[in-house]
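We call the chains A, B and C, going by the order they appear; numbering starts again at 1 in every chain.
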Amino acid sequence: MKLKQNSKAASVSFKNVTKIYGKDVIAVDDVSLSIEAGTLVTLLGPSGCGKTTTLRMIAGLEMCSSGTVEIGDVDVTTLPATDRDVSMVFQSYALFPHMSVLENVSYGLKFSGFKKNEISERAIAGLELVGLSEYGARLPSELSGGQQQRVAVARALVLEPQVLLFDEPLSNLDAKLRRQVREEIREIQQNLGLTVVYVTHDQEEALAVSDRIIVMKNAVIAQDGTPRDLYDAPANRFVADFIGEANILPCEIAAIKAEIAKVKIGDYSLNLPSRGLDKGSALLAVRPNRVIIGKSKPNKNLPGKIIRLTYVGNHLEFTIATEFENLFATSSDVNSEFKVGDDVAITFADKGPVLLES
Amino acid sequence: MNTFGKITLGFALALSATSASVSIASAAKLTLYCSAQEDWCQLMARGFEEASGIKVNLTRKSSGETFAQIKAEEANPKGDVWWGGTGDPHLQAAEEGLSEPYVSPMRAKLNGWAVSQAKSADDKTIGIYSGALGYGYNADLLNAAGLPVPACWKDLLKPEYKGHVQMANPNSSGTAYTTLATIVQLFGEDEGFEFMKKLHVNINQYTKSGSAPIKAAGRGENTIGIVFMHDAVKQAVSGFPIKVVAPCEGTGYEIGSMSLIKGGRNPESAKKFYDWALSADVQSRSLEVKAFQVMSNMNAKSSPSAPDLSTIKLIDYDFKKYGSSAERKRLLKKWDDEVSVLPQ
Amino acid sequence: MKTENKAFAHSTLLLWLIVGWAGFCLVPWYGIEDGFFGFEWLSDGYPFDPDYAPALFLILQGKKIWLASVVPFMILPVIALFRIKSDPVFGKVLVVCGALGFGILLGQGFIIGLKGWQFGWLEQLFGPLGDRQFGMGYGALFMASAFLFIFTQGIAARGAVNGDVFVVSSIGFVVTIVAIFVFFPIISMLLSAFIGEDKAYSISVFIDKITDNRLWSLSCITGGQKCGAAWNSFALAVLVGITTTVLGLAFALVVTRTGFRYKKLLRAMSVLPIITPPFVIGLAIILLFGLSGSFTVFFSDLFGFQPTRWVYGLPGILIAQILAFTPIAFLVMIGVVEGVSPSMEEASQTLRANKWETFVNVSLPLMRPGIANAFLLGFIESMADFGNPLVLGGNFDVLSTEIFYAIVGAQYDQARAASIALVLLFFTLAAFYAQRFWLGKKSYTTMTGKGDSGVYSQLPSRVSKPVFLIVAAWTAFTLLIYAMIFYGSFVELWGVNNTLTFKHYITAFSARIGEHGIHWTGSAWDSFWTTLKIAGISAPLTAAVGLVTAYLLTRQNFAGKNAFEFGTMLSFAIPGTVIGVSYILAFNVPPLELTGTGIILVISFVFRNMPVGVRAGIASMTQLDKSLDESSLTLGANSWQTFINVILPLLKPAILAALVYSFVRAMTAISAVIFLVSAEYNMATSYIIGRVENNDYGLAIAYSTSLIAVMLTVVALMQLIVGKTKIGRRSGQSGAKP
């Protein structure tokens, strides 16, 4: 048998959920969010931001201190993990070391009221899905890291849960494998129409797999949107800096006309969407690839000096000293003639730089 | 499947494995409270089971504890017979109406001291064995140290025995209390305490248990031990170089007794046991467990090495007075205050 | 599949309701005289005979009407059966009924006892009762369990511990049994220390007993007679603690940091004293160093002095205890000494400290927790030790023997026993806290989990030479003692008649084939089978209770966890003699009448050895990544299934450790046992003490030697049965790999 399109995929919603550990450690602070059925949503943020706690509250491994959690419009706030139709793939895989691969994959099915022959059929189908049907009899310890990872995924998948959770599933894999496995996960999710909540601290991974990304910081949601939204229109300095890299420069909004702001950085000025900001001081976020390095010219630009230049194969990385801050820039022109010590004139691409509240 | 009950069930099942053997229901049974040494109690219980087919439930506790238990169960007695243990608590039980009068057909075959014990308690108890106080010495050690052979209580006060005599602490041992009471009755209270003070100088250790001094002597760890003579005989018979002394001035004794518990649930079985326990054959079996007391049945066999009570000068031990708790306390306190604090 | 879970909650409730009602209507309410497992009552007047009647029949006959007071709390929960789990009424009803039912059930047991009202003021209030009751039996047990688990289900339904019925019930269960079998006896003992001869409570009685000169006299220092037992015990325990710690450290150093070749022998030898029954060492010492001991005689002949009784008293006890407890210190120290990371020492040496300076400034301070633990163990073991002072004490009184004689001697003074037991308890708890205080909050962890490629540095010679000497002397001495023991079991009468013989083994263990199969005619068989049975039953129970407790402590968070942990570890700090006395005081009278049964022995072993099971369990469970249980939970297994399917199979080493330890302890323990044995349930150790008292040394030693052999066999068997879980490299478990 084959695993079919999952008709059970359900939405998840948090309403004013707070989690407090002990007396005063606030891990999640009054968070509300909703995740549509059949989508892959990533919780992204630095360590300690509350993303894993949020995930574990969906799983039922932690109970929220206040607020409500719903899965598929059913209030599950007080239900323990066992009683929720959710499965989870762990960072450490958490394969049971004393059971064979097949036993691991069958484990959840045993407690789900399936008949014996159905259990093994489903387990084998699950292993097939992740391309490990040959390995059923082995112990987890006899598999490579990537294979163990896929067993963990199969084990969670075969239960056809309402929601599938991933807790930093790729962090123990090397870079190449990581890309491969994440593509597989995305493919399976889309083929089966699963609701997936995915936790990671790797922004590149998040951008690559998500339908939507929820960025968390200090126990609250910093921004919630599609990967493109987040990258191109970060809501604040934190998101701008965390998703991809960004140079954050202080600037002055000199005037606003029809939602277009005239922005000044020292002598250099440019026009950008105002994003609801008023006149006065603000911040400007510029992605490194949106920094244009030119030969020194006296007119509208930001003068600077190259203080470090690194060749990293497919592009060059520059560190440029300016009167405000050191700028970080990349250039795909690996044959550029610039060298350390050159005075340069910096301009920003028309699209890309974003104004932020200071 | 999911029941937590499994754990508790498992616990209970495991516990149920403790059951030694599920007892098979049989009509006749007997609950025996025994205050003698363990192996003797076992011998009596198993022996009676074999002889009568009556199942015996045996509880062994010291005579003091057994008395306390019978008193506690007064309103709903659980025991039937109380066999063994020194006579004082048996007499006390008779006095408090905890035991039943019974005149056994075996009584004619008993020694006089056993019958007089019964008569003094309105037939509510009876003597089953008797043992006289005395002392024993390790002949090898005595020779090696070149000491004279003692024969009387007063010999023990000689300075050359310093560090060679052991007795139990009267606070913890009934034997030692009997010693104290005997000395007081023998020499009078004042002279008796003088005796204890002088003896104290020669004592190397006051043991906790009554028979420990002679056991130490048997092992060669002590020279002279003041104990009941049958305990000393036991050591001698076991092969240790122990000689038993019946002190020349005369000595005290105990009467091990047996009582029927009033209101017991199996009075018929109890009487059967009572008669059986007084028979010569049964009493002769005491030798099997090395109990060298003099048995109350005149025809009971006794070991040739057992002390012959008829040749020993026995004092007229006042069980009533010296068994009373007031007198016991007074003497013990006096001993504590005047004797035990002296330097050795 | 998930909808079944609601039904499940109710099926558990239904089960316990049925159990509760069965307890009330079907089985005898009171304890049965023939013992817990005698089933004679079925054919003997049941269900109308008041001795065997279920509570319902008693009430219908107009007897023990007060038992009816629990009925409402068994009826009300039926309402809950028709409510869903998340309905607040469900939880509320169960909590209230469970708590009140349990409370009233216990309360009536304590209020109405053997002689009617247990409290004078009740008698004054209501007049004499005219009725009484005995110890609780099946009925009460069933019903109490039912109330307890109804209560925990209520609590769980109200959301405690994530609403997990298994976890809440386990906590409830462990808390209840610890309360009943650890706290209740200790409190009973505390109370009984206040009871005077007139059976009334009085402070002055307590003050009299606890300040008794026989306990606290210091006259041995001021030149008088002898010191009080409390000071004697304390001084002895400190000496033993220090000596065994030093010896244990020396052993551990020899094994890890020298080129010593016979490390395995040393490790094997260290196990010997642990599986040696009590008294045996004491006996061997008397036979060697007593007034007529082989050594004493030999040297007194050689040098022509008069033999003395020097060994009786402090010297003898000290030697015996050091022999017995050094291996324990060694086992503690070896773990710590191996735990000190060699890279710390290497770092110190590269910082220009020489070997000696490194040892003193780095290695030793890092071993501090081990030193503290070893000392504490030595101290407590010495305080609680009972066999050696009994044999070797002479006039040197110690607390443990004083307690024993207060109970069994002619004094029969339970209040005195209880107050001495309190003094003993005070000393051990004080040592416990002193140790914690000394260790403070410094970190002694040197294991980082990263590969440590260093090599242990060798000891500086100024340490290694004395250490070698000590170890060699101790080893030779121990070997000599055990050789003597072995030899002693084969001679006719040691010291008197040295003819070789099998007589003692035959007396103890003879058997003949008769018409009804094998007749176990040897005198030791009874106690031997009892001991095997009791040890065999209590070992798995100890392991089970210990591991469940460890699981709760490591894997679950709940209010009062610290107090819970303290409660489960308390019995470790309580000497066996104290446990024995407190069990007698608590379980000799209704409502919990257990003395004289095998159950009380099993229970005393379970709770005395439980802390070891808990520790072993915690140690291995903290090495199991928590994500293993969590993944099992998210895969739909509940906590119970997770515990059984995932945790237990991975805990086999801890299970084995707990099993072996509790089995061996149950076989060799004496201090608590001596108070709890009965004619029917006699244990090997108390049989041996009886033989020792009768001067049957040969038999005692032959029996002990056989026990040692049996224990070695059983331990090997357990290893086979428990087996090893095949888990390969365990990479799934340790997870993160760099």
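By our rule, contacts are C-beta pairs under 8 Å (C-beta built on N, C-alpha and C of every residue); 3 or more make two chains touch, one makes a residue touch a chain.
Bear in mind that the values here come from a model prediction, so they are computed numbers and not experimental data.
Colleague: A-C versus B-C: which interface comes out with more C-beta contact pairs?
Modeller: Of the two interfaces, A-C and B-C, more C-beta pairs touch across B-C.
Colleague: Nearest chain to the global Cα centroid?
Modeller: If we average C-alpha coordinates per chain, C lands closest to the whole-structure average.
Colleague: Measure off the straight-line distance from the CA centroid of chain A to the CA centroid of chain B, and report it in whole Å.
Modeller: About 87 Å, centre to centre.
Colleague: Averaging over Cα atoms per chain, report the distance between chain A and chain C in Å.
Modeller: Distance between chain centres, rounded to whole Å: 53 Å.
Colleague: Centre to centre, by mean C-alpha position, how many angstrom separate chain B and chain C?
Modeller: The computed centroid separation for chain B versus chain C comes out at 34 Å.
Colleague: Can you pull out the residues of chain C that are in contact with at least two other chains?
Modeller: 638, 641
Colleague: Show which residues of chain C lie in contact with chain A when the two form their complex.
Modeller: For this pair, the touching residues of chain C are 1-2, 4-5, 86, 159, 162-164, 625, 627-628, 630-639, 641, 645-646, 649-650, 725-737.
Colleague: Any idea which chain C residues touch chain B in the complex?
Modeller: Touch residues, chain C against chain B: 8, 11-12, 15-16, 33-40, 43-44, 114-115, 132, 145, 149, 165-166, 169-170, 173, 224-225, 286, 290-292, 306, 309, 312, 394-395, 401, 405, 408-412, 492-493, 495-497, 523, 530, 533-534, 537, 540-541, 544, 548, 596, 598-599, 602, 638, 640-641, 678-680, 682, 690, 693-697.
Colleague: Taking the touch rule as given, give the residues of chain A at its contact with chain C in the complex, in rising order.
Modeller: 59-61, 63, 78-88, 90-98, 107-108, 110-113, 139-142, 145, 148, 152, 155-156, 159, 165, 171-172
Colleague: Touching residues of chain B toward chain C in the complex: what are they?
Modeller: It is residues 2-8, 10-11, 14-20, 22-23, 25, 34, 38-39, 41-42, 45, 57-60, 62, 64-65, 68, 72, 75-76, 78, 141, 145, 163, 170-174, 177, 204-206, 208-209, 211-212, 215, 218-222, 234-235, 238-241, 290, 340-341, 343-344 of chain B that touch chain C.
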